[in-house]
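Which chain is which? They are A, B, C, D and E, in the order written, and residues in each are numbered from 1.
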Amino acid sequence: KKKEPNSSEKSTQNSFISVAAAANLRDVLEDLKQIYIKENPDKKVEITFGSSGLLVQQILNGAPFDLFLSADTQFPEKLKSAGKNYGNPKIYAYGKVVLWSLKKNVSKGLDLLQNLEINKIAIANPELAPYGKNTVEALKKSGLYSKIENKIVWAENISQVAQFASTGNADVGFIALSNAKNKEMMRRGNFYELSEKECAPIAQSGIVLKGKSQTEAQDFFDFINSEKANEIWKRYGYQTKISK
Amino acid sequence: MIEIQIRHQIFTSSGNKFLEVDERISEGSFVHVSGDSGIGKTTFFKVLSGLVVPDFGFIKLNDKILLDTANKIFLPPQKRNISLMFQNYALFPNMTVKQNIAFAQTEKDENIVDELLEKFALKTFENTSPSKLSGGQQQRVALARTLAQNAEIVLLDEPFSAVDIAMRKVMLNELLEFNKNNNSTFFVISHSEEEFESFSTYNLNII
Amino acid sequence: MLDQDFIYTLLLTGKLALITTVILILIGIPVAYWLSYSRFKLKFIAETLISMPMVLPPTVMGYYLLVAFSPENAFGDFLQKYCDVRLAFSFQGIVIASIIANLPFMIQPLQNGFSALNDDLRQASYTMGKSKIVTLFKVLIPNIKKSVITGIALTFAHCIGEFGIVIMVGGNIPKETRIASVAIYDQVQALNFEAANRYAFVLFILSFLILLLIYSINRKTNFTTFR
Amino acid sequence: MLDQDFIYTLLLTGKLALITTVILILIGIPVAYWLSYSRFKLKFIAETLISMPMVLPPTVMGYYLLVAFSPENAFGDFLQKYCDVRLAFSFQGIVIASIIANLPFMIQPLQNGFSALNDDLRQASYTMGKSKIVTLFKVLIPNIKKSVITGIALTFAHCIGEFGIVIMVGGNIPKETRIASVAIYDQVQALNFEAANRYAFVLFILSFLILLLIYSINRKTNFTTFR
Amino acid sequence: MIEIQIRHQIFTSSGNKFLEVDERISEGSFVHVSGDSGIGKTTFFKVLSGLVVPDFGFIKLNDKILLDTANKIFLPPQKRNISLMFQNYALFPNMTVKQNIAFAQTEKDENIVDELLEKFALKTFENTSPSKLSGGQQQRVALARTLAQNAEIVLLDEPFSAVDIAMRKVMLNELLEFNKNNNSTFFVISHSEEEFESFSTYNLNII
């Protein structure tokens, strides 16, 4: 605990795994890490959270990460085509979209959006965030999109949507189920979970990267995908399988 | 009639001392203020003009009370109609010579500015920044500016220290003429006593 | 080379920077004046407070503003009910955010300027019967031109580049709150490097030209004779 | 109230801010001196260039630095091969990034200070046989103390709060590049608002105290007699 | 022997003019420099001390060439061993009176500083900032500081303009004594010609 290896030691000490993960995985991964370390006391796992896009930038420019857990499936493909990979991209979880509100009762579902009391609807930028992309697709499919288009405020990512909605500046917002299950978000507001039919779940994939700790990283990634981990994922609002 | 009573503690070469003035001076006088270096002449001017509030002070100009510390009356410098020529000139670097002089006028009158420029041999520099002038030239600008203000009381802090003898004569005459024509009261600090003996109507020696 | 959207975005950025800078001059001059000339003993505390917007990460600062602007909150509620303004997601909102974020960049140079000025100038102007206002505008400000220019340039430049607080308060609404720095950031996030480079290049050149203009006002050198 | 991690993070933040400020004083004084006293006609272009790090969004600026530092690149490769330094994701890297980001905050106030100083002081010192260096340290710098303090305070405060460029170049590695503003940002992103509030509060108070100390050096008022 | 040849264009009240000096002055002289306000006296001092480079100039002090524009020789002010008392004093606000004087010394000697403080009645102010002194007091500090430098050539730009007559005598005697003891050459600009007539060994009138 006292002596943390620094970057130069990392290369020599193979039991050290450096993970880059999408910011919304923070709580669940911390939990998974604790369990993994308890089982493998000789291993060290260090997780850096950030926006998937920025983490990919860093990896492309030589960041010393061994495993990348993206919030989508595109970024790991990009890393693969850049030849940074050790293994192949693999989906580790699916996220679900929920409609969340601080004050309004959203239990009735999407129809509420047309309500005149709803002025601002926060959605993540579909060009940057897969949750935003799937939300927009869902709204288009239901025919609601054109009716509420002028109420939408675009956020950079789902965290920001959650901030807009949880402070009451946006009346409702589309966030991830995992966000909605956060302690503070649970306490503050209520949410409606969009069914798989209403909105396609968001596949999130990860990829093991080339490097000195690639085999250890693969082991950790396998653990994340194991049956044992399923329970944890569910608790935090992720699915590990979807009905095809 | 100008009534002045001041008592103000200052720190001089011989330790703490009181600057004490108690005078009644009739309007239109030409007062020569003298005293050792550091005795409080400049401070006296700053008290008159309202830039320094003395420990105790009473100043009355005809019926107008400018200062009465006992009754907490303090007319700010802006309302005293007293002009002051600073020992270090305090010319405004952002204005030309002409603008400096014109700025001081309460009633704008370009003719007067031109006249002053002419008399003090400053015409050539009217559009120059005062920072580009020689010491004596700057002093002349400062004097012209103070006169341009046309105040009831004119305070001049060593107005001739940096000019040559010929120019000094010109300036002095200008002052006297101004003094007579406008019936304004002049207080002039100067170390060359002889020069003033002949025409000063009052001698105020600060000790 | 640039799409229409980005041109709107640039115009909005310019508008935000201009409005912020102008308002900050109007706020900055009296505040800096007070900080320089007041004899209030504890004014160094005020100086410290003015710098404080800088120590919080802009996005976090933005989050707190969101909380303050929220209609759930007394302040935000009051604004919405009685003034019919909603600060979040509006141009007004990002102007306010941007003013707070840039406060120190305007006030600090101005205050420095006033303090460095020989106090005799102010006193001389007062004895000429000039009011404090006339003295401020005709004597003090013209003599701290360099400080004013520094304040304007710092504020303007920071306003262009700092988007954390803006994006947090304003979201990312085209023609309303989407400024150039956000657009560039988005392109980098989406790994569209070429678009990002193009945008950044244009922003850089335009800002360079504007700043060049601002600084060139100040060009004349004060040391002519001495080598 | 605070976990051990956050204490490490605070220490790292302090270290970064301190090192950046010290290096920037060392860079800033000669540069500001040159900008103030050189008679080079085009120096307003240099002034403009110094402000330019501000107009790009910090993350984007960080992105360009990241590319420059990348071992995929000639410069980064050279550093790694021949000097055995890797700038990206290391403490050295974020120091360099932070220096670039804060350049204008140190140089501008210093330059203003030098320029406002009466040039006679410098000339008088020269006629006393004092070298330029002695004049700089014994005459010029002591007389622009207020500007030096402003430069230090602005740099320090901005260094604490600005994380965009740091997170991009340094990632978010505990005890190496993870500074307090990044930690707070992380907590906000993870919607752990209480933890974020707690962290922000501590950071705010500590910065407030340090800035208070810096500004209080300057406290004595210059206007004693005139009301 | 000091050889001076200067030709430098300046801008005066009567338009552009050449400041022209061509003199040979023996070492240890006490030179009284006179001339109309704005004629170029201060500029002449700045050329001598190296603060202004003239259009054309040649200055030689014994065998040492200080300036030779024709051959592009220019000794910077630091290397000329010429002290200059500025017309506006140029005291360092960051130093006390004593520190100002001590700073000028090339060889530190506190006794000399104390002696100067004593002679110019500045002892009481030794730890005061010069900005808190009266005009005359500041002028005395400036003079003391210039003497403390103990240079080969001493240039004094109106050193007595702000002090009273008694103090002027003291200072003048001090100068003469210094001039004799150290065999340094003095150039003094002053408008009060009479005062100098009796003991100046040379008169340099700039026209």
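Everything below uses one rule, namely that a residue touches a chain if its C-beta (ideal position, glycine included) is under 8 Å from a C-beta of that chain, and two chains touch if they have at least 3 such contacts.
What you see is a predicted model, and the numbers here were worked out from it, not measured in a lab.
Undergrad: Which chain is most remote from chain D in terms of Cα centres?
TA: Farthest by centroid: B.
Undergrad: Quick one: name the chains whose C-beta contact count is the highest of any pair.
TA: So the chains sharing the most C-beta contacts are C-D.
Undergrad: Where the centres are mean C-alpha positions, what is the separation of chain A from chain E, in Å?
TA: It comes to 78 Å between the two C-alpha centres.
Undergrad: What is the distance in Å between the mean C-alpha positions of chain D and chain E?
TA: 44
Undergrad: Which chain B residues reach two or more other chains?
TA: Counting only residues that touch two or more other chains, chain B contributes 51, 88.
Undergrad: At least two other chains touched by the same residue of chain C: list those residues.
TA: In chain C, 63, 123, 188, 226-227 touch at least two other chains.
Undergrad: Could you list which residues of chain A touch at least two other chains?
TA: 54, 57, 163
Undergrad: If you look only at chain C, which of its residues touch chain B in the complex?
TA: My answer: residues 118, 120-121, 123-131, 138-139, 142-143, 145.
Undergrad: Can you tell me which positions in chain C touch chain D when the two form their complex?
TA: Touching chain D from chain C are residues 37, 39, 41, 44-45, 47-49, 51-52, 54-61, 63-64, 104-105, 108-109, 111-113, 115-117, 119, 123, 144, 146-147, 150, 153-154, 157-158, 160-164, 181-182, 184-185, 188, 196, 200, 203-204, 207-208, 211-212, 215-216, 218-219, 221-223, 226-227.
Undergrad: How about chain D: which of its residues touch chain A in the complex?
TA: Counting only chain D, the residues touching chain A are 59, 63, 66-67, 69-72, 76, 86, 88-90, 167-168, 171-176, 186, 188-194.
Undergrad: Quick one: which bits of chain B touch chain E in the complex? Just the residue numbers, please.
TA: Per the touch definition, chain B meets chain E at residues 12-15, 34-38, 41-42, 87-88, 121-125, 133-137, 140, 157-158, 161-168, 191-193.
Undergrad: Under the definition above, what is the set of chain E residues touching chain D in their complex?
TA: Where chain E meets chain D, its residues are 49-51, 76-84, 86, 88, 90, 92-95, 103-104, 106, 149, 151.
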